[in-house]
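Labels run A, B, C and D following the written order; every chain starts at residue 1.
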Amino acid sequence: MRPPTPGVSFEDVPEPSMVPGTVKVRILENGVCGTDREVSAGRLLTARPPPGKDWMILGHEALGQVEKVGEGTSGLEEGDLVMPINRRGCGQCMNCQMGRPDHCETGGFRENGITELDGFMSETLIEQPRYLVVVPKNLRDIAILAQPLSDLVKSVDEMLHVQGRLHFQCEDYTLNCRRALVTGTGPIGMLVSMLLRTYGMKVYAANRREPKEVEKRIFSEVGVQYYNSSSGYGELYKEAGGMDVIFDTTGKADVIHSLLPLLRNNSFLAFFGFSSEGMMNLTSLDVQRLIFKGVAMVGLANGQKPHFERALWHLASWKTVWPEAVKMLITREVRVQEFDEVKRVLERKEEGEIKVKLIWS
Amino acid sequence: MRPPTPGVSFEDVPEPSMVPGTVKVRILENGVCGTDREVSAGRLLTARPPPGKDWMILGHEALGQVEKVGEGTSGLEEGDLVMPINRRGCGQCMNCQMGRPDHCETGGFRENGITELDGFMSETLIEQPRYLVVVPKNLRDIAILAQPLSDLVKSVDEMLHVQGRLHFQCEDYTLNCRRALVTGTGPIGMLVSMLLRTYGMKVYAANRREPKEVEKRIFSEVGVQYYNSSSGYGELYKEAGGMDVIFDTTGKADVIHSLLPLLRNNSFLAFFGFSSEGMMNLTSLDVQRLIFKGVAMVGLANGQKPHFERALWHLASWKTVWPEAVKMLITREVRVQEFDEVKRVLERKEEGEIKVKLIWS
Amino acid sequence: MRPPTPGVSFEDVPEPSMVPGTVKVRILENGVCGTDREVSAGRLLTARPPPGKDWMILGHEALGQVEKVGEGTSGLEEGDLVMPINRRGCGQCMNCQMGRPDHCETGGFRENGITELDGFMSETLIEQPRYLVVVPKNLRDIAILAQPLSDLVKSVDEMLHVQGRLHFQCEDYTLNCRRALVTGTGPIGMLVSMLLRTYGMKVYAANRREPKEVEKRIFSEVGVQYYNSSSGYGELYKEAGGMDVIFDTTGKADVIHSLLPLLRNNSFLAFFGFSSEGMMNLTSLDVQRLIFKGVAMVGLANGQKPHFERALWHLASWKTVWPEAVKMLITREVRVQEFDEVKRVLERKEEGEIKVKLIWS
Amino acid sequence: MRPPTPGVSFEDVPEPSMVPGTVKVRILENGVCGTDREVSAGRLLTARPPPGKDWMILGHEALGQVEKVGEGTSGLEEGDLVMPINRRGCGQCMNCQMGRPDHCETGGFRENGITELDGFMSETLIEQPRYLVVVPKNLRDIAILAQPLSDLVKSVDEMLHVQGRLHFQCEDYTLNCRRALVTGTGPIGMLVSMLLRTYGMKVYAANRREPKEVEKRIFSEVGVQYYNSSSGYGELYKEAGGMDVIFDTTGKADVIHSLLPLLRNNSFLAFFGFSSEGMMNLTSLDVQRLIFKGVAMVGLANGQKPHFERALWHLASWKTVWPEAVKMLITREVRVQEFDEVKRVLERKEEGEIKVKLIWS
């Protein structure tokens, strides 16, 4: 792609050379997410190619296999399955130096396939082991989900940290009594619902329509209750009561206003997704209520290497416990060679799609 | 007072009897705060007398002296200076059982002089030692400030806890590089400015006018920079840059919208005060920015017994380090016997007032 | 059993009646652990029957199936697989009230099959849902391991909490650079080695002999390095360097002395197991070194309900990632009806045994 | 001094030149502590002069005044009172990069007046502002205590962090119900006793003799109970019960063995001081008890810049609340010009001494 020009093309580009301390990875699969679509449509303002080039390789979700281990590297062997992590620190602030560019202070971080770094939709990748996560062989089929899940692992960590300002556990020290609402049922909504279930919470997932068949089956297996929010959240409040945690994955600011009555004392509202729709209008009285209720609202995003590792362990556990649901999350596979189809995938989300994989070879 | 009827009267009421496990405290002083004015004006919706009565004693800030130690009590002696804490837990949720009714889940807590419990504006008080904080003799002159300060001690704790989701310390592990803005220069604004200075931060205090003489002198001694925000915060941003922490003590929702550009990456916005003015209008783009910046917004209030104890230690340290400033915070003393004057004090805040004390004796 | 009389017998006892708020569970399997052997040999001083009885049912590891759901219960259905948790709080201290009897302050907690509560080696169990953990169907084969693993989940939590007094993460914010040594290769040593691998650490497991075949195979699959410590730890130090974490599962006090040179700056030494052998002799110089190195030493034990839940998730992930190793942990199954064999199992640990299951039906 | 040669001399040495980014500080006072005596007696093994010199200036406790502000510095003005912090990071490990050389992983840190850096017993000091702490004018008389107190502020932080592995607060969320024992009544023992009082704990201070007059007066004002441990701790246990926290400031390993019975469930044992006497003999049964009780034992030392800042605030509060006690801690002042007397001070601790100050001018 040539941001900000919309559109993508399928081109031969020179392979970067291996320098000491790197390994060569053959890409097996890429995941496609909403951000890829925003980037390839030229709508994401932070999208810009690496300095000195007018083009950039797209993609920040990938699974690959180590093809060649370079000099001066350790910890990886030929044949290892690996995933690249997709953010590089600014090199200046302490959070980046600690391996936490998700909390970069300067804003000077770079991101593969988005900001100043080539992405992963290419045949091979030259990378340092520090930015590669080893993937267990038995997870090859669903490992691609670990990138979006890593963002959520980090986010749920942060939610639990913030809730640690008070006593958030139930009487039996579990979180079984806590209620969470997830708005939106895209891949992010699905994955965070499953993750909150794993943490033992009661989970409600909402969308403004009847649930699709695949959603019904997934939510049934993982024990999430679906709620049709097309007429607001009044019914949910009546049935289930207020919520301790709300993860908004829609990013529609007006949704937030309607969620306020659902927030219990001491609750947590995560802004996760973002879109360009709507307006949040809060009155002073709303703000008073937020104070009286002691609500915390936090904008969350972007997992790092440990969150990738833990995402893989979660996927491994889900494969045992929810074997059907976890497979259903990948709704489609497209071969990279069918480039017209790849283009269509990048242009718009299909009806019923959760996650699409691009397959190399 | 007879809420919701506005107005207060000065009456003889029967003294409650001492039951085992209580001590009798002679009240020496009461502090007056904005909430007392809201309650006595009949504007606070949560104000209601104890069950079975149609009247309630006002006041939630008091300093007293133990007059009689009842049977079955320990830890207090006749003559001890004490302050009563002003919230009682709901008796049901775990936070209340842990002594943390500031995070009561049920909302069923009671509050002296506000909700279902008599306040402290009376000659004597019968209380359990568990709800009394011992005050060092040398702090008698300013101890009354410990009640509002306790709320801020708790709030800054919570801010620091939430910021612990990332690395918030500077290169030398202090907070000296961190910038905080406090909006509003009432007693809460003053006290939180001083507290954040104590934690080592650079502090800016803003109000929509030129600073008063007393503010100038206090801020000069404690090293806080005053900012006149009548034309917005643009100049502050140019001079000082973005803020890591903003404590809003005005409660005006529209102020918040104008503060958003000041919020740095990873920053914290505390909603502390509340008023009935204004409207916060956030667009989806604003919400996007809050996510990208990883901002945390938390409604904060209400200190408990350990926060009172620490507030007293802070006041003790300020008396050594900022001896003039700490005295200037108490702008006026009124004898309770001058009841017409007391009424005027409760009716409205005087020009130049920071804190008013009512004196018994 | 009739503690302190050694020995066990196989008897018909009256089934307790179901009171409201309980469910009836049919026991499917019991795990046998070292503590069961200590108890049945009459060697554990804390072993005593429930008040008013001179006998007690043994066993604190069990997997069962809900047979009947009593009135006034919720959250469980007939047919659910469940595991009982095995400690009940003292009802007095705050830690017990919070569901944390692992940190009971009074020491007045009770423990199934050990102290004042019947154990789980019986056909049926009447229990409140609060003390039952739901087990995913697909984990039935290995779920029995969740009880001992829950102790380790809690212990590793506590280790990570204590290490949070400093910066313990590596440059990439993972724990991949951290080295852990586990002494002892019984079920506890095996499980904690696997758990520390799951947390991303480099793990060394030591015993004073050549590894057995089953150990070799397990450690090879999970990526743990075995070390024969029969001639001390000098060779390990030369090969691998000092350790950031040591989990001692042998309880031999003299082992600890020999471990001190292995402790790096800022390291953590967990006392987990305990036996009756040996003596720890530390000189003042040793203590000086512990101070200079900033070492933390903590005695760890006993997981609660959330730790059981997380243990089950770990087992689920291991079943995907390490399918052979996790099966090999259960080295033998004995039918309860073969009571002579059960007796032998309870009398002594067999050569090559890791975990033995007793099977009902 | 010329380590490892014992003894000190009073010499003219060339003044280091001011480089950009530094300020020149005129030293006003030095504190003398046990480590200075160990260093000047040639007994401390880590004592070595800066590379390329065979001599080193002694002293790691100092109070000075900024005499000249160099180019490229900010935050300090001529006339400011300042204290230098006395440890410099290794420049390699993450803890040092974060400003936490108290948890240096490599051991490569340097320490003024001890290891490879000149100390502060000189007329002037050239230093970067990053290593200087501003001292409030009104604290000039006792500020010198902030260096040893900073170590304790850090240590109590770490204790409270470790105790956060469980619920350590009392029913009213204070620490008023918690009991702490401090062994040893030197400056460290005195300061930590006062600090633990400030945190609200019940404090017992023990030494193996009758208390001296000055100790009686200090402990009486600050509310600490003295205990004569010459016949062991049995009486203390009978009177006061077990302890939640023990700070050993004697470093005598055999003391520790006798303290074990005093440790309550969930308690914390800090190794703070160290000497060359004694031997700690723990049996396996002792280790078993440490596990059952869930005791944490941690070696603690060395405060950093934020701990200095907080030590100053504590001293300021003590000056208000305990004005006599805080003055009595400084038992003697010696003018540097009386060099024979300085030598005697460095040779041995005088009867009745708590803290000695050396005065320049």
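We take it that a contact is a pair of C-beta atoms (placed from the backbone, for glycine too) under 8 Å apart; a residue touches a chain by one contact, two chains touch by 3 or more.
Since we're looking at a predicted model, the values are computed, not measured.
Two chain pairs, B-C and A-B, are weighed by contacting C-beta pairs, with A-B ahead. Centroid distances built from C-alpha atoms place D farthest away from subunit A. A separation of 40 Å divides the Cα centre of subunit A from that of subunit B. We define each chain's centre as the mean of its Cα atoms; on that basis subunit B and subunit D are separated by 35 Å. The geometric centre of subunit B is 48 Å away from that of subunit C, both derived from CA atoms. Within subunit C, contacts with two or more other chains are made by residues 94, 98, 100, 167, 169, 171. Subunit C makes touch with subunit B in their complex at residues 94, 97-98. Interface residues of subunit D facing subunit C in the complex, by the touch rule stated above, are 94-95, 98, 100, 102-107, 158, 161-162, 164-167, 169, 171, 251-253, 256, 264-266, 271-272, 274-288, 290-301.
Residues 75, 98-100, 130, 136, 138-139, 167, 169-176, 198, 200, 304-306, 309, 313-314, 316-321, 323 of subunit D are the ones touching subunit B in the complex.
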